[in-house]
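Following are the structures in question.
You will see chain A twice below: alongside chain B first, and alongside chain C after that.
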Partner chain A sequence: MNPFIEIITQPDNIAIVIMILMVSFFMVWAFQQAFQNDKLKSAGYAVDGELDKDVDTFKPLVRIELLISLAVMLFLTVWSIVVDAPLEEIANPTLTPNPAKAPWYFLGLQELLVYFDPWLAGVVLPSLIVVGLIAIPYIDINPKGNGYYTFSERKYSILIFSFGFFVLWLLLIVIGVFDRGPGWLWYWPWQEWDIQRVVYEPTRDLSNLVGIESRSLPGFIIGAVVVGAYMIGGMIWPYKYWQKKNPEMLQQLGMTRYVTIVFLFITMMSVPIKMILRLVFLVKYVWITPWFNV
Partner chain B sequence: MNDLFNKVKKNLIWKSVFRRDYRDNVRDRALAIFGNVFLHLHPVKVRESAVKLRYTWGMGGITFLAFIILTITGVVLMFYYHPTVDQAYSDMKDLEFQVPYGVITRNLHRWGAHFMVIVVMIHMFRVFMTGSYKAPRQFNWGIGVILLVLTFLLSFTGYLLPWDQLGFWAITVGTNMGAATPLLGYQGPFSEYLHITPYNDVRFALLGGAIVGGNALLRSYIWHCIAIPLIATILMVVHFWRVRKDGGISRPQNN
Partner chain C sequence: MANENNNKSPYRAYLFVFFSVSLLILSAWVIWNDEFGLRPWKHYQKEYKSLKHDQLVNDYKKAQLEFHRSGGAKRLADLKAQLSKAEEALKSKGVGEKYTQLSNKLDELQKQASDNQKKLQTVRGKYLETEYFFTKTQKPEYKKQMDELQLQIDAIDKQGKELQAKQEPVSQSMSQLAGNIPAIKAEIEQLNKILEDKKEKIANNETAPIEIKQFLIKDIDKADRCVSCHVGIDSPKQPSTKQPYTKHPLMSVYLGHHDPGKFGCTFCHRGQGRATTTVEKAHGKAKYWDEPLLKGDMTQTSCLNCHGDIKNLRGAESITKNTELIRKYGCYSCHKIPGYEGMGDVGPELTQVGTKVNYTWAVDWLLDPKKYFSTARMPKFYFTQDQAEAIADYLFSMSGSERKDVDIAAVKNDPKLVEQGKVLWSQARCNLCHATGGRGGDHSKVYAPDLSKVGSKVNKTWLFNWIKDPNKYFPGTKMPRFRFTDQEISALVDYIANEYQDDEAESKYATPQTIQAESIKKGKDLVQQYGCYGCHKMRGMEMVQVAPSLKAQGVTFLRSDEMREKIGTELSSIGSKPLELLDFGKLKKSIPNDRLSYIKQKLRDPRGFRLGLRMPNFRLSEKEVNELSAVLYGFTDSNAPVRFMVPSRQELDKMAGVQGYKFTGDFAKVIADVKCTNCHTIKGIGADYAPDLTLAGSKLQESWIRNFLANPDMIRPLLQQMPKLGLSQAKNPVKVTMPKFNLGKQKVEDTNRSDVDVVVNYFQQELVTTDIPKNIPVIADVAMPEQIAQGKKLYDDKGCIACHQIGTDGGAVGPNLSNVGNRLLPGFIFKHLENSRKFKSDIVEPNYGFTERERVLLTNFLMTLKLSAK
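Up next, the complex of A and B:
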């Protein structure tokens, strides 16, 4: 069989295909409504829902809930009749599968292991994702766009969230499911997996680029300076920029919020930055210390 | 036909169950909601936009439905399953070959779990896109994030239970991350200062041992079937309560 068809029809991967279809559908629907509301608003009309009246819960809401429930149950029943849940060989601690993949919703994190050490990819970044998500309502002080779809009134928050959600979370999952084979090497879905394949990929650390041994004291200092400059510069530069452009907004935000937002943002952006460093410049570590490597 | 209908409705048992007739008037439409313990989750009246599919996509409700389906099929599966290294895998085989409707029950549970993870993410996306986390719903968004994490953990702890290669290695890979926790995992930065070893670190606590074995299976089982569902149920109760107390489904402020 065509390896592409084979890989997307594997029972557990069907869920991923369904996820891609559903997420794409709702993404389009959300943005379509957002742009429509923006158009209405700029033409001076009420946005969708603004003029709505109250209606009885019984029956309009109860009816639609019943219909959706029936549809969902029908869908799951058909899915369960058509596709059987797989059961692999009995657990065998001496036989490591290659690749050993985490459940699909954690594959984004497993993918991060290519670019970060486990303490960052598996512990620190996931914790920051959760903390960051919970923090969203408290750091986004834009009062507009509450209770309707809109894009123009919340451009930045929507762009940042969408980048995190669609690219850093969902795209990495899809890559992990469909494009990672033995040795966590890249395979296109139509390529045959090859257990023997070894890719020799020379990697170096950042300070090697300027000819300094990364495990030496000068290398350590260079790494510390680069990481420090990224964190501190990332804090100060947007502050200066906004101070000129929009000082009232900074005022409203306050210091605590500003620091939280920028910290979360530069942490998030460190993911694509390290990906590029690794994939384009073959840089493995930016900073090597006796205790941990970044 | 109508006669039969009326006879049934006059029947003592019918009356004892439904307590009163339903006439299509304001009072009875309201009573239909708050006279029923389940429907009572709803307010008697809702904003039109809360009924329109295009606004909420029904995603929170669908997530809840998935949770209920998983609870029911999960209880059925529990009747046939022993969380021990000796029996777990053969119980799965029994489900496949011996137990009536075992296959479809297991399928429903497996695909329902995938489905719940998908729809809870879409629910979060909807809530974000409609800005529904903004005041006064900040706290409920936080509850939601915890529910999202619990949904992942429910699915993750269930992975090990069949005791097959897939689950075993997925849990091995996953819990190895715990070993990398700064300070508290034996491979994590700075842990040597706290005298952390493979036998007293986070991973050990998760697995009930240094390897994925019988204790890990039992721990997964208890987290999966009892502890996490209990916590998630409580948080869902709070979540739904807050949806109402925060003024129902969000909508544009008309002023």
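Up next, the complex of A and C:
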């Protein structure tokens, strides 16, 4: 059988295939709606749902939820009868499976381990994700977009969310499921997994690029400067930019909100930056400290 | 405003209806699936029950018919009539009333007696309790209490005896009144019971619950539910021969010795014992289940889990035969295999090979051994011409410094000697082991090389020395030392050199050519790399160090202890090796990913998985691949508990600190020389090609042994190996003749006895048993001729002639008895008639249960059967 078809029809991966289809569908649908609404609004029309006031939870919402829960129950029951739990061979304490993959919903985090120190990838970043999600209601002061689809009125929120969720969370899961094989090496879905494959890919630290030992004091200083510059620069530059462009919004936000948002944002952006550094420039760490590596 | 929106939201009642109905149907599906869909064994158990029911009903009907036919029914009716008559009589005479009275009285007495007994028990309990307190505390009041209780006990006991005595006369007078009523009743019951038992069996079958049945064996962590479907696996009377209702084949052997309650099923059969949902899963044909079910002869591979000795193990015939392949190809030379340590070398020593073979031959042989003769055991290493020459150079450099061939054209053979050699060739029965031109080589287990082209392989000087003393060139060879004179050897050598030539052989190096040092180094590297020293001893390779030239190339795989650890992968647990550790390489997609397929493919094409593999290709036939893989599949680390283990004789001896049997004295020298154990088994040592000689001293007459050793082919046809009734081996009888070793010509040095004397002496001293008497009992009351006549009559009456031959009459199943009087000792015949299986477990002779007198008569008759020497 075609390895690609084989992979997507594996019982383990059915959930992910469903996820990909559903997410793609709803994403396309939502953006389509949003763009349509934006067009209508720019033409001066009111859009569906914009002028509606609040709707009661009981009955309209609860009824829909009940219907959906019935549908989901039906679907899950049929699924559990038809497809057996995808158990693998009997666990052998003397033999580690290769690749050893986390449950699919954590594969994005596992993928981060390729690029980050385990302490960052396993502890700091997941905690920040939770903190960021909790913080959303407190830092989102834009009242628009309630009850209707829009893009132009919430451009930044939607873009940041889309990048964080679709790319950094879901895409990394998809990569972890379909593109990672033995040795956590990259395999395209149509490629054969090869236990013996070895990829010769020496990595270096950032200061090695300029010929300075990264575990020495100068290397430490270089790393600290780069990381510090990124963090501080990342705070200051948007401030300057917004001050010029939209000082009102900055004022509305206030300093605390601004710092929180920008801190979360630059931390999030450090993930793709580090990925590019690692993949393109073969840089393992930027900054090596005795406690953790960045 | 809010209400407005609420009203706008549709009610969607049709969706509620749809989901409700769907969920209802789904619930039904869930229940059905849980009750039947996932429990196919229910169906099998029901089916089995109905089959069993049919069988039992059939049995019952047969018994009923039989009951009527044998007059049982008539007798029953008769008895019933008698009973009613007797009962009538009991009532009519007015004794009925008295009988009732007596019976009431008896009941009363019995009730009293039982009350008494209860009282006794209570008091005794109290007594024991008090005794316990007394022993704990040693207080005198307990002692006093004990004495009182003892008195009570005595009184109650006495009362009980009195009651017993009172019952006696009452029941006696009752039985007087009743007459033969109890006896009739008992007989009726007995008659009824014949049919009642069968009826009860039917009823029991009816009420047997339909449930998961399993064998739970804790110490091997097995819960085998196989019996949930294979319900009748251990019932001797199978209701059907269809799977899964049949009984276990060869039940007395397999289940008889391996109680399923203790061994379970999957310990031998593998498969997934816990699975009950589908047949495929239970039989281990599921993905990720590495242990597919073993069926048929393949199951015998599991015997290796526990049995150290499988030779002569009933029910392990197939695997026993297959293990011979490991010996044949010497797998243990490169791979560590438990139980095959110290087996000796498969190939000859090569240190002096330069003095033996032609250089051209050596190179050709290295390139493709099967080209020289098709049954060659040496595998193909896929050497290039250069590599083969390098290795040959290295080997030749150990005994010389030149590549050289014998110029075949220049070899002259004396026709007279050739003629003499031909006679010697057939007398010595060289063809028994060595095949030539597709004939001979019947004794396949010594793996003697085919000699069809040997004239162009070895030179005559070496051949002469080899025949003169094989042990000198290759200690441990199986080739016996024939006691030829030098002149005879020359004749034989000339005959062989003349007769067995390869016409296509060329002598490229008739003019010797000096070997290059570089080539020697390359050859040594190759010998190390491919581990030639695994099968062939050679000087300098006893403890291999990585050659400097190899080290320079970055080769490190030859650790200094690799000679001890063998060059190949350890095979001790290949049959349970995790799949992840088996490298399917580029064949991952083209062959099934299971262990057995891997083993088979490895045997078929060892280097096909990926580049850089070293194992040579043995070019096994598909049959051999299957047989060998069956053995390898049995090498598991099954963690069998100690209670399952049946260690081999050697292991037991080792544990007990007993030395294995060793031949001693001059006889050991004769054995080392003539290699008797190539064919004969003596005290458990040796092959089963010829008769077992363990008890030869008690069995054979001295004069016969001497005659036979001097001239084996004269008397030998008597001992033709008969097919064992063709039960398991469907081979035609092979005419086997022992080679003439010319024993007796040579003195064993230190004691100055001839070697025949040594053999006879050893037979009579060591190979005897006290079980077999020297003399048989004498019958005094009948004269000898009369005894012989009676013996002959017995021989005729019992139909011995059906299997045994005397003269030209009789069957060919048992040995020919025409000359038995000259061959066997009377004591042996006498004992053999009593219990022949004692001497040979797989003998087919029936046990006639002769009395001692009959045995003496028969022995006396048989001892008269003598052929006069020609």
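To be clear about the criterion, the second predicted complex is superposed on the first by the 261 of 294 C-alpha atoms of A that agree within 3 Å, B and C clash if a C-alpha of one lies under 4 Å from a C-alpha of the other, contacts with A are read in each partner's own complex, and residues count from 1 in each chain.
Rule of thumb we're sticking to: a contact is a pair of C-beta atoms (placed from the backbone, for glycine too) under 8 Å apart; a residue touches a chain by one contact, two chains touch by 3 or more.
Here the structure is a predicted model, which means the values were calculated and not measured.
Peer 1: Given the touch rule stated above, what does A:53 touch, chain B (first), chain C (second), both, or neither?
Peer 2: Once the two structures are laid over each other on A, A:53 reaches both partners.
Peer 1: Where does A:19 make contact in the superposed view: on chain B (first), on chain C (second), on both, or on neither?
Peer 2: first
Peer 1: Using the touch definition from the top, say if A:85 reaches chain B (first), chain C (second), both or neither.
Peer 2: first
Peer 1: Contacts for A:192 in the overlay, against chain B (first) and chain C (second): which applies, first, second, both or neither?
Peer 2: Second partner only.
Peer 1: Based on the superposed arrangement, let me know which partner A:248 touches: chain B (first), chain C (second), both, or neither?
Peer 2: A:248: touches no partner chain.
Peer 1: Given the touch rule stated above, what does A:76 touch, chain B (first), chain C (second), both, or neither?
Peer 2: Only chain B; A:76 stays clear of chain C.
Peer 1: Could you let me know whether more residues of chain A are touched by chain B or by chain C?
Peer 2: Of chain B and chain C, the partner in contact with more residues of chain A is B.
Peer 1: After superposition on the shared chain, which partner residues are touched by A:201: those of chain B (first), chain C (second), both, or neither?
Peer 2: Once the two structures are laid over each other on A, A:201 reaches no partner at all.
Peer 1: A:95 in the overlay: touching chain B, chain C, both, or neither? Say first, second, both or neither.
Peer 2: Both partners, chain B and chain C.
Peer 1: Show me the chain A residues, by the header's touch rule, that chain B contacts in one structure and chain C contacts in the other.
Peer 2: Touching chain B and chain C on chain A: residues 52-56, 59-60, 73, 77, 81, 87-89, 92, 95, 97.
Peer 1: Which of the residues in chain A come into contact with chain C in the complex?
Peer 2: For chain A paired with chain C, touching residues are 52-56, 59-60, 63, 67, 70-71, 73-74, 77-78, 81, 87-89, 92, 95, 97-98, 192, 195-196.
Peer 1: Spell out the part of chain C that touches chain A in their complex, as residue ranges.
Peer 2: 1-2, 5-6, 9, 11-12, 15-16, 19, 22-23, 26, 29-30, 33, 288-290, 578-581, 583, 585, 588-589, 610
Peer 1: Can you list the chain B residues touching chain A in their complex?
Peer 2: For chain B paired with chain A, touching residues are 26, 29-30, 32-33, 39, 42-55, 57-58, 61-62, 65-66, 69, 89, 92-93, 96, 103-104, 106-112, 114-115, 117-119, 121-122, 125-126, 128-135, 137-138, 141-142, 145-146, 148-149, 152, 155-156, 159, 162-170, 172-174, 176-182, 185, 187-190, 211-212, 250-254.
Peer 1: Which residues of chain A touch chain B in their complex?
Peer 2: 12, 15, 18-19, 22-23, 26-27, 29-30, 33-34, 46-62, 64-65, 68-69, 72-73, 76-77, 79-81, 83-93, 95-97, 100-106, 109-110, 117-119, 121-124, 130, 133-134, 136-138, 140, 143-150, 154, 158, 161, 165, 291-292
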